[in-house]
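Would you mind keeping the following structure in view while I ask a few things?
First chain written, first letter: the chains are A, B, C and D, and each begins at residue 1.
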Amino acid sequence: MIQPKTIALIITTGILVSLPHFLNPYWVDVLNNIGIYAILGLSLNIIVGHTGLFNLGHASFYAVGAYTAAILNTKYQIPILWLIPVCGLSAGLFAMIIARPIIHLRGDYLCIVTIGVNEIVRIALINNVFGLTGGSNGIFGIDRPNVFGMTIRTPMEFYYLILVFGAVTIFLFRQLEYSRFGRALNYLREDETAAEGSGINTAHYKLAAFVVGAVWAGMVGNIYAAKMTIISPESFAFWESVIIFAIVILGGSGSIPGVILGAVLIVGLPELFRDLASARMFFFGAAMVAMMIFRTQGILPPRPRQYALPQNHASEEGGK
Amino acid sequence: MEQFLQQLTNGLAVGSIYALIALGYTMVYGVLKLINFAHSELVTLGAYLGLTLLTSFALTDRMGPLLGILLLAVMVMGLIALVGAMLDRVAYRPLRQSPRLSAVVSALGASIFLQNTIMLIYGARFLNYPHDILPKMTIHMMGIDVPLVRILILFVSLVMMGGLFFFIQKTRIGTAIRAAAIDQGAAKLMGIDVNRVVLLVFLVGPALGGAAGLMLGLYYGQINFTMGWSYGLKAFTAAILGGIGNIPGAMLGGLLLGVIEAMGATYISFAWKDAIAFLVLILILIVRPTGLLGERVAEKV
Amino acid sequence: MTLLSVSRLTKSFGGLMAVNSVSFEVASDSVVGLIGPNGAGKTTVFNLITGIYRADQGEILFKDKSIVRLPTHRIISQGIARTFQTIRLFQNLSALENVLAGCHCQMKSGVIASLFHTPRQRREEKMALEEAMEALAFVGLDSSAMQLAKNLSYGKQRLLEIARALATRPSLIVLDEPAGGMNEYETWQLVALIEKMKERGITVLLIEHDMSLVMKVCENIVVLEYGSKIAEGTPDEIKTDPRVIEAYLGVEEDD
Amino acid sequence: MIDMLLEIVDLHVSYGNIEVLHGINLKVAQGEIVTILGANGAGKSTTLLTISGLVRAAKGAIYFDKTPLHKLHAHKVVKEGIAQVPEGRRVFGTLTVQENLNLGAFVSRDSARVKRTREWIHQLFPILAERRHQLAGTLSGGEQQMLAIGRALMSEPRILLLDEPSLGLAPLLVKTIFQTLRQINETGVTVLLVEQNARAALKLANRGYVLELGKIVLEDEAKALISNPEVQQAYLGGIA
């Protein structure tokens, strides 16, 4: 007996794998952007959606990853994909250092600090900090990634790289949702005092949420650097953080399918209205307001987790 | 010493503009616990409307610089107040009972919408305020020559802040606003119509923001549709620095931030000017998590 | 043997003395009641014991070790569990997941194990599920396991809080008005539940307004008034203590 | 039959999915002191909050002197002549005592009358006159309770709703406050009092209702309730 869920999964995979063959390179590249933002959204979802922490500076973690990749690749010629874990670690370390002293701040104070960190990072990059970041022109000449001897160049080739990375992310984050760690984040979001009162080290988990989200954003930064071969500070401004944040909340805070759908809508839809050119953002802003008003919980809010209950309880008639 | 005093007056003038903008953030936050991200666009709109009204009615030519600008300011403030009230009606009021993050995204959306509306109307290029509105005078004080516009901005801002302070502290309606910010339920039990308090806050805050936009146009001479963003962010920082929701805190935070920034740009590094403000903010929040004048609230369990 | 010992505990809020030099002891395997008029400082004492507030002065010993400076989650994992006066469940999560929160401090898997679902993590998860279901069954809620907490009745929400607390495997459980919002049947169930906890070797400290419940289940009663302890003793002693009668029954007018 | 000042008919109230009041019926006549007794969580506060319009009724009606209150916004209810002293006082902590009192008279436009009312309140609670420039948050619990009552009286209500005025106060202070409530009632203000301190409340009141889990289970003259064995058992302390 094949379950409907399995069939749906097979069909989706089939569509995703064959999709680029029906599209021109421009649209494949749009899909690549959607993929990158979807993974960024999923990483922010850990912090905002699951833990309820108000982070409007996620692009700074993304930036640290991208610049780590760019610097190590251009200076030491280390193959770019090898650097993925290094990028994750550097972004995670950065998150740990900055989040530690501010993690106890209440919601809106945390929000402005994350915006501030985002700005500080951008300004530091522009000012060619430590003489490494190349100032406002950024870093160029980043190597193309190489997988098993094949160099990845075309949008279609990148498509599969991003697809694999996205699939791994979704798989792991779903596992995370169904775990002690994932639940702890949710307890925190629901009621911090009750969570602490149930024996959960809330400060630790807040920090951990930040670090996990940052590690992933850092790894995406690597892929982005490899795809663009040139990166500059303006790609990591506050505006990027807003987009990622909107993807999470609009799609459905705390829900993996929701966040992916959010990325499709926020990154994909404006492409459909390219003819509107300069009025595009005007409609985009209006749509954000309208969507929040008509679907306050996001388009696909999370569904309750299902558990396989132990046999002796599942069938029992309780309440005696 | 001369440079120090120049920077001090410059910082105070810019800081007073920050403070005016910060008041809009802090008043809305105080009553609704909402960060009105679109407030910065109201500042931009104030700058553009100021320019439009100035050139289309030639106010300063007809009435002389001071009176003309005064009338201009009144008109700008009135119009921006209306836009502010509309903003609340359309983008925020339907979300009063919703999760707070939804309201934040709505605010961000409204901000993008307004910014691009301005861009579609006025274009993406920088526009210039006429050079000759205010006489190019300097006033000699404390051994330095201070431009008239600087003194004017500081003076007018302080008058407005004083007026607001008096309104909030001494009048019946002002006390009602403070009460609603402390405890909406208890305020309702006093017979205060909290919806009208919110409306009022969305009239007064934007009016001050509009005035700030006009001042920015006059002070720097150049305006752009994205200008509100960075001033808005600074002002929001100032509001947090002073303790968000706290009106004297916003004033103090604004002035302080203006001075810190001016000094930082001169004595530390101009390129790092914007980062210095945030760095100071972070350091202060680490020591005082609810800002300089914010209350320490112990959660009731 | 003394399990919990509170001595000269003091806490004030903005000049208001909420708890004023309160001392008492809780013996192992006993049920102790903390009573007093509303606002006497009972809940504050609980919040001090569980580290939610920091004491201004005084000492709290649990199993002969000081816990007065420990953060809440450490106190919980040392073996003190609690419920809240105003129910504080994770409203948007299922009853089962609420109880799994209590299992948290018995589990070990961290972020890596959670990402990769290592065999150990799977075993641990399975055991936690079983334990959570057992705690739910213990309070009679196993048939509501998959319901969201916010959809349960008040009485059931109280029981769910107790189940969550029990899942931390405490040796002492502090219950803040467990019978609040319960009907007569549910209150009766609660009495039975407290007896069952005692059989399991769990010591109970409770705040309660329902005097018939307190008199029925408590072996020892501490009476607070206006932040200070005014009496301590067995139910019979407390019933006849003139100070308690005066404080508890309110104003005795002579007219 | 006496005309009822306040009449609650079949009132149902829900928070989210949970119904907390299951059809309350309650009447208060002009000039009476009526008390509602009940344990924590019985729905006493909810009843008062619904009268004041802070909580919406799911079903049922509330009439005040024949005006339907359940359709009014909270701020309009005050104008009808209803003032509430909420549970936990809820004074505006960062405002001064004077400002708190003035807010109580927010609906009143006649400044001469406001001044007279304030003088009367200063007579009732001299400490409030003494501390008029102090921030309300710095007052002691008892003083805050007095301020909350004074603040409610500033609107010159026809009925005063009080939610647990004895909460956290020393017996002597409770006595003072209850005596003042009687004084206030003697000036013609009707009182509806929610209390856990059953004995004190019943001594003060003419009539009482007992609320249990969102339902009225008993209703009688106060004197009868004091000697009712069930009430004695449940609310006058099973201790005695």
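The rule is simple: a residue touches a chain if its C-beta (ideal position, glycine included) is under 8 Å from a C-beta of that chain, and two chains touch if they have at least 3 such contacts.
Note that the structure is a prediction, hence the values are computed from the model and not measured.
Just to note, of A-C and C-D, the chains joined by more C-beta pairs in contact are A-C.
Set against the C-alpha centre of subunit D, every other chain centre is closer than that of A. With each centre defined as the average position of its C-alpha atoms, the distance from subunit A to subunit C rounds to 40 Å.
Rounded to a whole number, the gap between the C-alpha centres of subunit B and subunit C is 49 angstrom. Inter-chain spacing, taken between the CA centroids of subunit A and subunit D, is 53 Å.
Distance between subunit C and subunit D, defined via averaged C-alpha coordinates, is recorded as 31 Å.
Taken residue by residue, subunit D touches two or more other chains at no position, since every residue touches fewer. Contacts with at least two other chains are made by residues 193 of subunit A.
Subunit B has residues 301 in contact with two or more other chains.
Of all residues in subunit A, only 48, 54, 101-102, 104-109, 111-113, 115-117, 119-120, 123-124, 126-127, 193, 238, 242, 245-246, 249-250, 253, 278-279, 281-282, 284-289, 291-293, 296-297 touch subunit B in the complex they form. Subunit B contributes residues 29, 33, 35, 90-91, 94-95, 98-106, 108-117, 119-120, 124, 229, 233, 236-237, 240, 244, 269, 271-272, 274-275, 278-279, 281-282, 285-286, 289-291, 299, 301 to its touches with subunit A in the complex. Taken in their complex, subunit C has these residues touching subunit D: 14-16, 37-40, 150-151, 153-154, 177, 179-181, 183, 209-212, 215, 225-226, 238-239, 244-253.
Interface of subunit D with subunit C (complex): residues 16-18, 20, 39-42, 137-138, 140-141, 164, 166-171, 174-175, 178, 196-200, 203, 212-213, 233-234, 236-240. In the complex of the two chains, the subunit D residues touching subunit B come out as 52-54, 73-79, 83-84, 86, 90-95, 99, 102-104, 106-107, 151-152, 155.
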